[in-house]
């Protein structure tokens, strides 16, 4: 996003010319998501799972659970950990080793989309206050990368959480039960290319964009999380427009889940 | 009541974040910033530096560069890059923080660095790195905004050509009220937080995050308040640099400037 | 009985790994492979890729290269090197695995990479690296063999000149019987495991390990079974590539091929 | 083993010519181990120890024990950890820092040779089931490297385990006692150079070899562990021959321990 | 200290010429410390703190405390941990990441100055023998570097410990109380440039010096810790003279605390 | 009484570190070194090596170089650098030490390396590194001194031009008495420890530390004793090299040399 090589200037010119005619290189409208395909529950070793394609971007999400101690300041709540792994299988520039700043930002934005929206009823994951709670890991792996992992990751995480069954029997804690969920926030991302805002950018679009805005909205159209990225700016009018595009796209995706 | 008590508990009974007269725990109105002090040129070794107090936040920023870019593979032949390192000192919070970067500080470093990149004429210094270090000596909610405010003054103090200074502050929602510049208790027990970096002259938004739950109307109000806060802070940044240049050559002055109300 | 129970205990009373009629827990005969599905060209970004299901194992492999070798000091001026990374995803096993390589995966990466090196005409690409990534989405014993099987198809899918495809599978000993292709319960409660990679056309053995306790005669029988398994798998690898090239240009087809019996 | 520099092609030619005459550069037969010297118990701070030379290859092994918790799936068994350290003292290409793939493979092969052979009676190391067991560390350091650390490491580990005394008194767990051992598997390694199989390779031989086979056999000549390495191949006939060479050599070494 | 670039040879010549006239480039006498300024207690989130300037060298020290288990061999003593962080803010050659040998030596010398001098009454930090003791972290950050972090760090640490209040109330362990202190050792450092010994070196002086001697003395002028550094030598006469300079300077600083 | 008991306790009742006749726990007088054995040239792969026993300390040292300097950024165009790595093997102490460097070993590596640098004509080998590895097989107080003693012999064994050999030993204070060369019990229950490296011919002090509590007069006495110890050790270092060169070509000899009293 930030590296402006001569090549990407050419690419940018090409993409901008198309945008000025209201077109994108893959034929989409500016406010249109790529095709979404989600396979839920395909991983039997996980408590819940989803494989998701957003255009050519593909991720796998698995939910694992265990029993552990609660944090001292939330003695009656389960513990949630969200992690995005950008494995080199997915893209030639992803590297093994400690997570890059990009992977960390992704993890934290997805985590906030789940945590701050209070999607999961964490109090329903308390076994014994102060002593035992369910620990929930949301592990997201990028398998094939063509831009906008923010949305692919967070939507696939929501899908995986939806089919998660708490493995209570395996841990000797009574009968298995469905993970207790409340609202279901959907994150959608817009980037700015020149003066245009486009939804759900491909990698090519992402590379020539100057700024990014991810917006998580809930069933009521309320805002649940937001993250601006990139070394460009938005005006407040642009922010409002991006919020509107994300809200609309979120509605459409929520219906598919 | 000690800090630790407030931190690890639900809101203690009887405590109201906003009282009947609309006053907050620390006596502020909804649209009021905490007292702010900004000082430029506080370190000798760094090329530029600044110190910011924003309420109980105490933050140092230092800038080195433009200088040779390490690691090499990050070099950009067309422009400088900004490498920003936000660092909470171990004793800046109630429970000792292990030294070294955690995931939170990596994320903050990234978004603060991106905002700074926009403000600098990077094309003038190809292949170099501008390294920005933010050290939080004492934290009390809002450190990313105070850190960016300080870092921007430090970049200016280093004499690096800039588009403009970047002021930053947060607004949020506390006890059903949209308020400016949350302190730690408000952040812990509030409903939403919206950090913003905004250049008053151009209306450009360089940093924007949101946590919690806001209607779109509440969000509008939060942005409105935060814009006002940024306008005030922008003035204090300029004052600090003016004092710095006025006394250049001598030691940096210990002149304090407080921001009371704020007509946002 | 759940997975977890089977994993952490002795063999539950009354459970027989092989019944009176010589049938195994999942109904297979001693010389029978689990159902196998192989698909080539399943990822868009990688230069080559493959997906393998072998019983309850679900495995992706991707290949990038030949490309510039990183880190540089590993470059060989006379040939390409193969860098293989075997990776069990955190949710592929009952107890969550911490992301990142552990000692087991480093060892598997090494021996699988060595086998692949033999199969590639490395001399044609001096100074380059061929990077092979194996991701285990779901594990159920035998992942190193299934991973090598998938990786070899992915190398072919990348169009890299090869001596031959490499099929791999294990044999072992369970309840005093030498059997082909152990599943997880058999691996946990069995007496020995012998993973093998073997090229049917030439009789070359490229991967061979043994764990447990076997007489030399039992070892002979295990190798005999595993050779037969490799021969079957070799055919399925070829079929997958044929389907891939037949439909080249369109999306990879979801055509499934099951391997029932095995006349080893 | 895998790097084929021009120099090693020359070396390989020389070594192959000798092999075709049934000779090796140090005068050994193809199925002959180098001289073995073992000093047991020299490290007083260890519970058991051995310094071993295999030709010019030298290792030091020390056994340390402590009291800890058993693993959940083996509540009545002691815990065994095996670790090989390839310290830069031993060879100019060994580096400080995290263990290399070579060091990890070595550690795991030696560990399996001890663990899968059930050499140690781990149930005899249980203090109180589910609560307290003996924890046993087998730490192997390469001091001087001239090839075939697989055999030097695993044989020295066996020798050190043989003289290990469980320090029960020091931990307030009764009287000291000899570490309970069962079978004593010996690992021997063969490499393939051209079409020849040679036992116990020197570093020079290792560098020009195409494949390696380590075979651990017990008192009955049964197989207890096996590991093929290298980017060359073996035929099955070669595997059988290597097993035979390892079995014979193992017998001879077992007599010396 | 050890790198002798051509530039520093020139610098060294200049500094030596001055020294031969009994002068230093900042006008000090050879046995004179730079101006010391200490602000105690400025960090409210710390249990004790100090910001200290020694000439242009500046450090911040914060003391944090918690409750933990004692070490097995000191069941009735609190636990002390001292750490110096050389953050890149302070100097262009300081790097992020794991601590450099310089940072480790500094940490350990400061730690010994506090620990071996028995400055803190660690037995007064026992809550319940073998079970609970106070854990005390002395964290020292270099903010601005112009030489002699040994003295700046250790003096600032002493100052921070002096104003430390044990947060017993916050941890439900009774009333807060002043950290129990005994003696107050002061460390002063001398370096050797050519044949001259100079106290409290600036960075420039440090870079052209051949050897360094840090000496911690107590109220009685007794020796409490010592550390020689650098790849040059001292004669025993020089050591005696350096001890004398450090003892005198230590007295003067002790009066200011 | 076992090692472990001594280590983790206060001085056991009735045990006197120095008895009525002035004898120490191991029978030595106050000014006596432990038995010392030094052997040069004990490893084949290293360019130089040495083995030292000093009481119950058992220490190997190896030297590689001068050779190309890694990492590159440490290269000095005007001279060689010394990179020293002091390493306690995991089983060299009562409680197993995790392999790899800890903070203590990093500090010892630094000060031992600095002392060695002084002894080598570094200017003769610009841009190179001389890598010194010290492995403590068995530790019993005084390993840094014994390690430096060994390393200096190993440097000589590597044929690297040296100013002089470096002997090192410690003195300290035990039961109100200043004594030479503390063993483990004395180190654990003593009052002060003063490691010293000292070249007898020139009077140069290359390593000096002090821990504990000494009056300045006691310090003088400790240095006096340690100087004497160094003088004795210096002779043993020379003997070891003489034996090594006398038998050069054959295997290093297992000749032992004991240092009894010491006329310091």
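Letters are used for the chains, namely A, B, C, D, E and F, taken in the order the chains are written, and counting of residues starts over at 1 for each.
Going forward, a residue touches a chain if its C-beta (ideal position, glycine included) is under 8 Å from a C-beta of that chain, and two chains touch if they have at least 3 such contacts.
Since we're looking at a predicted model, the values are computed, not measured.
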item	value
Common touching chains of chain E and chain D	F
Distance in touch steps, counted as few as possible, from chain C out to chain D	1
Centre distance in Å when chain B and chain E are each reduced to the mean of their C-alpha atoms	32
Distance between chain centroids, defined by C-alpha means - chain A, chain F (Å)	58
Separation of chain B from chain F, taking each centre as the mean of its C-alpha atoms, in whole Å	53
Residues of chain A touching at least two other chains	none
Multi-partner residues of chain B (each touching 2 or more other chains)	none
Chain contact graph, described as a line, ring, star, complete graph or other shape	ring
Chains in cyclic order, anchored at chain D, direction fixed by chain F	D, F, E, B, A, C
Of all residues in chain D, those that touch chain C in their complex	2-6, 72-73, 99, 101-102, 104-105, 107-108, 112, 116-118, 213, 218, 221-236, 239, 243
Chain B residues touching chain E - in the complex, by the definition given at the top	2-5, 43-46, 56, 58, 60, 62, 64, 67, 85, 87, 89-96, 99-101, 131, 133, 135, 137-139
Residues of chain B that touch chain A when the two form their complex	7-9, 76, 78-79, 81, 103-104, 106-107, 109-111, 114-115, 117-118, 194, 199, 203-216, 219, 223
Contacting residues of chain E [partner chain B, same complex]	42-46, 49, 56, 58, 60, 62-64, 66, 83, 85, 87-92, 96, 137, 139, 141, 143-146, 167, 169-170
